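Listed next: structures, encoded as structure tokens.
The two complexes that follow have chain A in common; it is paired with chain B in the first and with chain C in the second.
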Partner chain A sequence: MATKESLTEAIAVAGSPASGGIEKKKFSPLLWIAENGVIVFTVALILFAVIFVNGFASLPNITDVFYRAAPIGIVAVGMTFVVISANYLDLSVVAQVATSAVIFIGISNLYGLLAGFLVATLVAMLYGIVNGVAVGFFKANAVIVTLSTTFIGLGILRWLSGGSIFFGPEDGPIRAFGQASLGPIPASALLLIVITIVLWFVLNRTTFGFAVRAYGSNKQATRLAGVNTTLVVIGAFVITSLAAMIGGFALAAFSNTAVSSMSDGYEFRALAAIIIGGTSVFGGKGSVLRTLLGVVFVSVLTNILVLSGIGFGFQQMAIGALIVVAVSVDALARRAAKK
Partner chain B sequence: MSQQTDTPQPGSAPEATPQTMQLGAARGGFLTQLRVTLARRTEGRGLALLTVVIIAAAILEPVVFTSYQVTLGRVALIGLVALGLTAVILMGELDLSVASTLAVSGVVMASIPDIWLGVLAALATGLLIGAINAFFVVVVGINSFIATLGMLFALRGLAFVLSDEEPVRLSDIDAGIAFGTPLLGPLTPRVLLFIAAFIALQIFLSRVKAGREFYAVGGNRQAAMDAGIPVRRRIFTGFMISGFVAALAGVINTLERTAADPTAGSTVLLASFAAAIIGGVLLNGGRGSVLGTLIGALALGILQVSLTLSGVQVDIQDIFIGVILLLAVITDPASLRAALAGVRSSFQGRKKVQTPV
Partner chain C sequence: MTSESAQTVIEASGIVKRFGGAVAVDGVSLSVAEGEIHAVVGENGAGKSTLMRILAGILTPDAGTVSVGGTTLEGGAKSAIDAGIALVHQELSLVPEMTVAENIMLGSPPTALGFTKSKELKRIAAAALDEIGVRVDLDEPIARLSVSLRQFVEIARAVARSPRVLILDEPTATLTPAETDYLLRMLQRLAAKGMAIIYISHRIPEVFSICTDVTILRDGQLVETTPISETTPSAVIDAMVGRELKLDLEVTRESHPGEVVLSATGIRAVGVHDVDLTVRAGEIVGLGGLVGAGRTELVRAIVGADPRTAGHVTMTVDGTTTTIGGYQSAVKAGIGYVPEERRTDGLALTMTVSDNVALPNRRALSTAGVLAFGAITKFVRNLADVVGLRPPEIQREVGQYSGGNQQKVVIAKWLGRKPKLIILDEPTRGVDVGAKAEIHRLVRELADEGAAVLVVSSDLPELLELSDVIHVVRDGRIQGTLPRAEADEKTVMSLASGETMVSA
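Right, the complex of A and B next:
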């Protein structure tokens, strides 16, 4: 693959003078909110929770938020790659997280943690490659492709596991990871931070990451610049799948159990975190660090709803509304910026 | 929805499926005619699947055809939702929220004591949901994939809230029982409603000006706008058709089960997408037919019922239908063309790619 500098030049040549090559910077308040609003919203939401919500600002509750945020966060920072590459999202993460969790507990019980890790990695690669080939090579719609792989994956998982709950041993390494913590911060939250840093590096400091962002903002120009765009898309889906695999591990470690329905709604929560974080569903723009903030926002919001005794249905409505509103702000901001 | 920016357009006919290419090799007056007809039709893959499913079912589980009331009922449910989707996909948009629309309208209907008032309220709910979807797509300008995905999740939540997370029993159970009995020959009201919806949509999309304009909107939106077609209004109509039809499916489902389940609809979602897409409705819009959707719904309905009768559990049925949807979406003419172009360019190497001036 070419170096980043030569790519920048080639894409700039291929992309201009048509729109999308190099955008003019013009200040628009709506665009600023769409991209950076997450910082303000997250701080405001946490302040609100500390002042008004009973029981939020206690150490056990904060630790609980961390525990629940970690698996979703790991999935979300990985899925950011697919969203930046202008492929909407990977719905099948819901199947991948559950599959990984069941494999980590189920296979590790029988053959040890290393075997579990290897099988989970293989399955994640398979998911990433199937999704990536269908979307990158056949140029099929990512939503429909990952919708079908979700049903295939969940179907296989429920069929093979019989829908039963798997329990890890009390003295196993997964349990140990789940209980380890640094002060109030659990190990899984530290894992999330490490993965975010690694993926930040991949996205912002490697040629591959550059190609993902370039592909998201202008597919045609990226292809004409000599980038193998099929591999870029496959790479984005494989990274998402590997992250979902690690997310499944963190989720399994949290409760030391695994069941096929344990990750219901993860695809929507992860998408909400990504979009709130200012990554555009139109592709090309975004950052894993902002996704991390989006995860904090979504997790704190969910925690507030739970502490206030608001039911499961209202939580789903809130997350769904959050997705639609965040995308609306982004769409309106882009339209205003173009004028 | 012009997502094809990175697929080079080859000069060949846009619908060159393998069969038509073979026929093209033998140049004859009749064969050329046949080839042109085949190239225009989009139902090829649906027919192929239907043939395979019928033959397999006839050999393995002939009960499917003798207990045709069950089979027709299933086909009607999948087909109804798929019909609404057809109207939306023809314009290059997508409505993922249909599954939740079905659940919400069912719950709305069951929570109203008077049955006719309930049906009216449910159908109005469907129209309202369609209008909200269209509002986000047309007025705000969000991609319909993401807008309706958000709605899918939000409405599922609404169904849980309205029903208190439990199935709502229909107060007028007699109406439900009456609804399940055959009305005309062996046909139950559910099947008759489906046939009526099929004929209505077929006439709308092929004979009514507004319906024919759906194809123009999906084929080339800019050109449709320039030609003076009210594109925004057409998209509104499409989403409201889809919402209304999904609500109708919810009403039928509730009547037959005499209860509304807030989790209803998730299996129907996958099967109805598969029916529309394998039936030849192009996801990028502009091509496809109601007849193709009917063929797709028949194939998937027969498949589901024969799997159920053979004692195959629901999880494995999901795998079957998921694989069919995945194959349907990658054997879409546009996808095959993209794959072909990819293979061709990798053989040609890089030297033919010219840097634009």
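Right, the complex of A and C next:
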């Protein structure tokens, strides 16, 4: 209302530095920990393990850590897309990994590896599209949707497989992949690294990844920038499903067997890696490289507990507690950053 | 109706309220007596609602006091309620899933041992509805009632507390003329029983039909308080607008409107009733009106940001006409939309300036889906320079910039697409004077370069300064169209408030 000045005067005022305002962001230690703490914690944990944990710093043990980290890591870097798009998580990866493993072993036994790969890819696409359409088009809650598709998927798998264990042939290509390695690094861990690089590129260097990050930061503003947000959500779920499919392959190759219960707890471990890595459950902020670090942290921690003779129950409790702490720090840090 | 002997019930003196640097209410005093219906009027942003929220204890003033019956209130909503002040909010604040009776008694249900006494609850609720003479099933969930009935339930909730002071903030905004009449008569009955009523409205005829006194606010300051019998509708509008704010029309540009670019016919949507609108190339069309008149709803329906229930929208560019359905087709056809709420609808605040500007332009700034970062940086730097972003640090988070700079970023998003039509909804709200002038300059330049421009603004001087033609919207309809030569603050305000002394 108070435009009594002439336009030229007003523009002269605008030219003065006083009106060009930015609020300097205050440094928040909590936000720093939420975003970067994983680096410090991972290094500290590894140092601790090397010094104090008997048997940690041996080549066979390191290889074992890699073997166990690879499938879960592949699932986690993929699921990072769903988390960054502010759709919480994809619980159905637990069903998808087992389904993929059973298809890879079962179908390959009958019709060869290529057939196994094609069927597994088709099923993964279907998962991604069903989850993505329900969440992106119908705007259903991602947690409820993927909890339900977990039920559907595991139900179908147990019904069709009868809960039996599938064994791959000793001389088959899946077994060969499972046993291949580069020095102490197994092929599945190399696959994890390749997938991380590819997904990093997709998230940070393509228009699709850009739209996923923008959507996670502000859904309305992204829609009003002309982005087809339904396709963005479907894309994020499809990428997650394809990664879960490859994770299922790596898991099957590790033991050369497949059974519907083999991926129990994967959805949770993947979530732990993502959140501990510093990707915010509020969306918009995060990266697949952080998730990779989170995977290292969770895998090393699990290995330390195993080496120390601590049982599965305690491991489960520790991971649950870690997630609660990590999401609380994240929420607290975001709130502090807004002030 | 006022008599010298009437007892003053509520008295506010020297109220000051600041939000950040802006002064919303600046030293306003107000006193209302028993049986008085006291109107508080002013333009959008004059400070009316802020003042009422201070009276109701929802906001704490930076200076000044509120007293009821001679006792100064301690502050806080509870002390105001206890003193007998009831506020009927502008936005409906009922719980849709709960019943009429539960909503009326929300916050103060009668209880025994922590359990709600449902018979007692219904009895008080029924009495409150009786008091205002509205018949509605007590067990009906609010969600099943019409918007106007909800407004009456809201009033019943206030009346149920038997307040000494009843404050109504724009109660007739959602009502039909017949319902409005009913409400006005009801308020007169309540006043006759001795209640002090403070009545906020943009509608001058309503004020003159029932109020006894009127207080006029402008830019947070008290202009005057007079008995209704000593003033006229025309004088009240003059005082709301403030004659000295008349703009120098010499600074406005020559316009040379070309072909029709946007054509919208028969637009219907929530809050919009059968609107036709065209915008020509090189023309700036202004949409004036009061907050809640349906202007934002109208432009959102035109671009497809919200669904339309009827109507047809086309864009004609270089002789080719395309139909605008969903929002993405609007963007493809060359429409740029700067929304009213920049922080929720316009920007991803946690992303950088560069990301925000690049988002709607990502296809042009990529090859085969891979972003070209060199091109993006060059593109965004150039646009930051055009809109005058200060400081021009394009890798900084947008949320760290001031409101004016944020608005420049939203405009920059669309400038890069060379829009054929740009729609700006309240382009300078919450923006400092310097940035405001720069945004005005940009809007004029766009029109000079041949873009069609549609501006929604509640800031009258801005609307008059920018627009070649102004459509005034009230109740979701265009009530009148004023070419620049015929438009002044008074004619626009009269049309907007329903004061029908000007022929449309």
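One rule holds in what follows: the second predicted complex is superposed on the first by the 313 of 339 C-alpha atoms of A that agree within 3 Å, B and C clash if a C-alpha of one lies under 4 Å from a C-alpha of the other, contacts with A are read in each partner's own complex, and residues count from 1 in each chain.
As a convention for this text, a residue touches a chain if its C-beta (ideal position, glycine included) is under 8 Å from a C-beta of that chain, and two chains touch if they have at least 3 such contacts.
Given the structure is predicted, the values throughout are model-derived calculations rather than measurements.
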Between chain B (first) and chain C (second), which does A:R223 come into contact with in this model arrangement: first, second, both, or neither? both
Which partner chains sit in contact with A:T206 here, chain B, chain C, both or neither? Use first/second/both/neither. second
Looking at the overlay, does A:I156 come into contact with chain B only (first), chain C only (second), both, or neither? first
Contacts of A:G320 with chain B and chain C, given as first, second, both or neither: first
Of the two partners chain B and chain C, which one touches more residues belonging to chain A? B
Who does A:L147 touch here: chain B (first), chain C (second), both, or neither? first
Do chain B and chain C touch any of the same residues on chain A, and if so, which? 10, 13-14, 220, 222-224, 226
Chain C-touching residues of chain A, taken from the complex the two chains share: 1-7, 10-11, 13-17, 19-25, 205-208, 210-211, 213-214, 217-218, 220-228, 284-285
Residue ranges of chain C in contact with chain A within the complex: 43, 45, 219, 245, 247-248, 251, 305, 327-328, 331-332, 337, 339, 344-351, 355-356, 358-360, 362-363, 366, 369-371, 388, 390-391, 393, 396-397, 400-402, 404-405, 413, 432-438, 440-441, 459, 461-462, 465
Can you tell me which positions in chain A touch chain B when the two form their complex? 10, 13-14, 88-89, 134, 137-141, 143-145, 147-152, 154-156, 158-159, 219-220, 222-224, 226, 229-230, 265, 268, 271, 281-282, 311-324, 327-328, 331-332, 335
Applying the document's contact rule, which stretches of chain B touch chain A when the two form their complex? 3-7, 94, 96, 136, 140-143, 145-147, 149-162, 165, 270, 273-274, 277, 283, 313, 315-319, 321-323, 325-326, 329-330, 332, 334-336, 338-339, 342, 350, 353, 355-356
